[in-house]
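So, here's a batch of structures to check.
Here come two complexes built around chain A, the first alongside chain B, the second alongside chain C.
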Partner chain A sequence: MRPLTFPRGIHPRDHKEATNAKLIEDGPLPDVIILPLQQSAGACCLPAVDSGDKVLVGQKIGDSEALIAAPIHSPVSGTVKAIEPRPHHTGLKLSSVVIESDGQQKHVECKGLSANPSPDEIRRKVRDAGIVGLGGAAFPTQVKLDPPKGQEIVSLIINGCECEPYLTGDHRIMVEEPEQILDGMLLLMKAVEAENGYIGIETNKPDAIEAMIAVTEKYPDIEVIALEEKYPQGSEKQLIEAILDVQVAPNMLPCSVGALVQNVATSIAVSKACRDGLPLVERVITVSGNGIATPKNLRVAVGTRVSDVIDFCGGTRDQVVKLILGGPMMGTTLVGREAPVVKGTSAILALTNDEIAKVDVHPCIKCGKCVEVCPMLLLPYRFGAMVEFGVFDELEDNHIFNCIECGSCAFICPSQLPLVQYIKLGKYSLAQSREKSRSA
Partner chain B sequence: MTEEKLKISPAPHIATTETVENIMYSVIYSLIPAGIVAGYFFGLRAIALIITCILTSIATEYVFQKVRAKPISVFDGSAILTGFLFALTLSPRLPFYMAMIGAVVAIGIGKQVFGGLGHNIFNPALVGRAFLVAAFPVAMGSWYQPLTRFGVLTDASTGATPLALMKFEFETTAISSMFFGQISGALGETSAAALLAGAAYLFYKGYIEWRIPFGLVGTVAGVSGIMWLIDPGRYPDPVFSVFAGGLILGAFFMATDYVTSPITPVGKLIFGIGGGLLVVVIRLWGGMQEGVMYGILLMNALTPIINRYTRPTTFGVKQ
Partner chain C sequence: MSDLIAPIVSMGAIGAVLALILVIADRKLRVKEDQRVEKILEILPGSNCGACGAPGCRQFAEQLVSGEQGPAGCMAGGPEVAKKIGSILGVEVKVGLPQKARVLCLGGNLESQPRAQYEGIRDCQAVTLQSGGDKSCVYGCLGYGNCARACPFDAIEMTDNGLPLVDDFLCTGCEICVAACPRQLMAMKTEETKILVGCSSLEKGKAVKQVCARGCIACKLCVKVCPQDAIVMDGNLPVIDDKKCDDCGICVEKCPTDSLVENLINQLRRTSEKKKAV
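Here is the complex of A and B:
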């Protein structure tokens, strides 16, 4: 069968060859762990420990009463050194729990669920384990498992696209731990009482497709879907469009079309939580780019500093121009190596000059390429002009809030206009003016 | 740890290597076959005319940017391209000073007064030509028989273009002559083969898109074909209509100008078909023998409106 896909999108060079055949290794066991209290979309956690407290692996160190929030746990045993602002990948200093490891890795007592848990039990476990979407958005998973009344989830889609260049963590997980992905998937399907399960994988990962087909063969309601290699294939709305052939309306969630999308790594986290009672304290990341001496796929403790991870990979070589947390299309540039890996971190990339975009900005020549590639059917060049000339009221009419900030338009623009920056600025200004009119 | 000099910037961090310069220069290269054929049939003077137009365009762009204290970008390729395209619309023996005036108008009025690259409404090369047609109608309407090899066009005899022959004397010209360029006409209008070779290269590079050129050519062929079927004695056949005059040059190189044509796919089709209708109407029933220039200029004027009304429906909204 021809691989499925969504219309439009781009084909950046995938750069995955440096790590896509490398086994996942256990990362460093750092002396110091830094856990920002904000690690998911939604509310910031409050610390559940005090400076000087002893903690164990898996112990909860932060939580929040808010509806959209996920608790945070310690990946090491040791002592809480401080609760203070520390460097974060956003460039800000964010309140973080700093833990000094004692190197013993003593665990709290973990208990899994019964062999046949109820949907409610699964949802509660997912929350207690602090599971968030590991694809990058870090949205608390249990919220997605609890759709609004009247909306039923029919299809669960496990996202194994990994469409960002360089990234291979999800690829390796699928090759190395397909049974556990399947187990998590079955638990998730149960939690939302879904009828069908799909696993979407891009065709540039034939071994992953094979591995997932092998473990799911006996399940008639689960199907592995080969998807065209294209960015942003792994975006939720695009994935749903490719597999289910429906479009999610603006400002609506996937559950409005009966779909739930979860990343492959999230699926494993769900399995570990439900079977062994393990909270989310580690994740697989890709460390790559020409600036990394030995690129690797690593299983690292959440809270490990970027510097510790890079040192573990032999340090940097050549002149690193950009250090990026996440993929090259949507990741954030770092100001230094002090920031920690958080739950939503998929990669650490050290890119050299010949790998990154050269910025040579020209006026928009109306070539239409941004329009051709925009997966959300927007007119990106218009946002640039509107923001530049300050005509913010037209932005909404042009559906700026439907933009998923995938960066396809900026990638393809021959004038190298910072279109995503314009769009973010436009969204921000619009939100501000709405706020103002509400308070007036 | 030593302080690292890391670059901080918003995503995305990678980009295509395609630049504005790549695109502009590719279009320039794609016109070179047409330039060479012009030299072959109309002599070295034709080449000199092309070079004059290009240099004048660059100089005009430079002066405007200097005066307006804008960054100097005369070698981004867009001025060279405008000069080249403009030259290809001229009669081979047009006096040099007229060509220079036209090039100044093309860049100055056609482009820079609107704010430079990306901001103009009309195709600059056609603005230059339209100005000359109004200012020097006789010189702009004098055409010459081509030579058959490189030479100096001094004793060349005047000759009517195929469209003029058709319109005023009901005489058709052999298609093969029109295809290879052995006809009288503007420098770049004569050889469809050279132009199509250039266009093929641009398609291959993905720099032009089928909707506008094929919309235009298809409409001209279709409508004039219908007229020909109705009255073959009075109207030219569709193949003639396609290869005569500036249609190929206009459809593939002028109407496809990014800045002055619609961005949306549907808009491009409307632009092409609308332009094609205008060309046929002007050619068959208008006072002029050729309608490509005005057809495109009129569609340029409609482009903002076409863009507005053909905006794609955003993702997730039912039509």
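Here is the complex of A and C:
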């Protein structure tokens, strides 16, 4: 069967060869852990510990009462050194809990759920364990497990696309821990009472497809779907369109079409939380790029500094010109190495001059390539022009808030216009002026 | 001859009916415009800057007449315009001192090195959204000139050092640049403020020193040397009490990083002549 996919999108070189056959290794155990209190989408957490407190592995160090929030736990045992602003990957300093490790890794008592937990129990455990979407957006998972009344989830889609170039963390966990993904998947299906389960994997990961088919053979309601290698295949709405052949309407959530999408790594986190009671304190990241001495797939503690991870991989070569946290399409460029890995971090990339595009911006020639590739069916070149000339009021009529900032338009643009940057600026300015008119 | 009578009579009748309609429309639908609106409009600067909150000068004039705005509402016009408006409206106007835009950062490209090479939109807000900006000081002026572009009076110029320079003879104190700066580095000051604190970093001294040569390092020397006890520290920045300050200039002289400067109201002029406004 021909692999399924969504209309439009782009085909960047995948650059996965450096790490896609490497086993996941345990990362460094750093002396100092920095946990920004803003780890997930939604509300910022309040610290649950004080400076000087002793903490154990898995102990809650921050939580929020807001609906969209996830608690944060310590990945090490040791002492809270400070709660102060620390460098963050956004380039600013954000309030963080700094923990000095004592190297003993003493755990708090963790208890999993019973062998056959109820949906409510699973949801509560997912929240208590601080699980967020590990694909990159870091949206608190329990919120997605609790759809609005009247909307039922029929299909659970496990996202193993990993369409961003360089990234191989999800690929490796599918090859190495397929049983645990399946277990988490069954728990998630139970939590939302879904009837069907799908696992979407791009065809550039044949061994992952094989491994997942092998473990799901006995389950007639679970299907492994081979998807075309295309960016942004791993985006929620695009994945739903590819597998279920339905479009999620603008401003609507996937549950409006009865679908729920979770990343493979999130699925493992759910399994660990429900079976062993372990909170989300570590994740698998890819450390790659030509600038890294030995590229690796690492299981690192959340809060490990980028510098510690890079040193663990043998440091960087001299020609590194760009450090990126996350994938090259949607990640953030780092301005230092002090920022920590957070729950939503999928990779640390050190790119050299020959791996990054030379920026040489020209005026828009109205070729329409950005329109051809936009997976959300938008007109990116118009956003660029509108923001450039300050016509902010028309942005919304052109559905700027539907943009998922995947970067396909900027990738394809022959004039190399920073279209995503224009869109981000436009969205921000609109949000600002809205806030102003609300307060006035 | 008889051929002409019919058209003359019919045209005359149509004309009379239409004239009657116009007369009725004039009586019934007339909009009485307050004469004062036109008069005020003549006084206003006419730049339609929008700093008063109205979309343009005409709307502002209408709001003045209807009482929705006060005579001092025109930021760009300043006290003189306010007084004239007051005399038209027959109200007494208490005017403050003229205010001028001031930049609360002295760390230009020479003083504060960039921490990254930035390629993208030349806009302060866009740079801020991108990894927090390319300037090593996350509180300092980014130098991409949003304030200069926003100024409706062309009073702000970006210097070669990447800092805004305000021309006091063009600045009307309309406060548009204050809203345009994503880092809140523009502020309005009157001549009551004698000394300006030219740093907005909330960091401790050591961290400031690492990123900027003219940043305040919170050494508190100014607090100690001030003979009037007019300076106190608020966090890591000094705050000067304008009422106590007698402009002796000792703090400016003693500041080890030159981050205190004299506030020379009405004395700043732009350096280049190229864009001199009318």
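Throughout what follows, the second predicted complex is superposed on the first by the 435 of 440 C-alpha atoms of A that agree within 3 Å, B and C clash if a C-alpha of one lies under 4 Å from a C-alpha of the other, contacts with A are read in each partner's own complex, and residues count from 1 in each chain.
Everything below uses one rule, namely that a contact is a pair of C-beta atoms (placed from the backbone, for glycine too) under 8 Å apart; a residue touches a chain by one contact, two chains touch by 3 or more.
Quick caveat, the model's predicted, so the values are computed rather than measured.
> Let me test your reading of the model: by the given contact rule, A:T333 touches which partner, first (chain B), second (chain C), both or neither?
The answer is both, since A:T333 touches chain B and chain C.
> Is A:S429 in contact with chain B, with chain C, with both, or with neither (first, second, both, neither)?
It touches chain C, and chain B stays clear.
> For A:G407, select first, second, both or neither according to whether it touches chain B, chain C, the two together, or no partner.
The first partner, chain B, only.
> Who does A:T90 touch here: chain B (first), chain C (second), both, or neither?
second
> Answer with first, second, both or neither: which of chain B and chain C does A:M252 touch in the superposed model?
first
> Between chain B and chain C, whom does A:Q421 touch in the aligned arrangement: first, second, both, or neither?
Both: A:Q421 reaches chain B and chain C.
> Which residues of chain A are in contact with chain B in one complex and with chain C in the other?
Comparing the two interfaces on chain A, one with chain B and one with chain C, the shared residues are 91, 332-336, 359, 418, 421, 424.
> Spell out the part of chain C that touches chain A in their complex, as residue ranges.
115-116, 119-121, 123, 125-126, 129-134, 138
> In the complex formed with chain B, which residues of chain A make contact?
12, 91, 165, 237, 247-250, 252, 307, 320-324, 328-337, 351, 355-360, 362-368, 371, 375-379, 381, 398-399, 402, 405, 407, 410-416, 418, 420-421, 424
> State the interface residues of chain B toward chain A in the complex, per the touch definition above.
Touch list, chain B to chain A: 1, 3-4, 6-16, 18-20, 22-23, 73, 76, 116-119, 209, 258-259, 261, 263-264, 311-317.
> Which of the residues in chain A end up touching chain C in this complex?
89-93, 332-336, 359, 388, 418, 421-422, 424-425, 428-429
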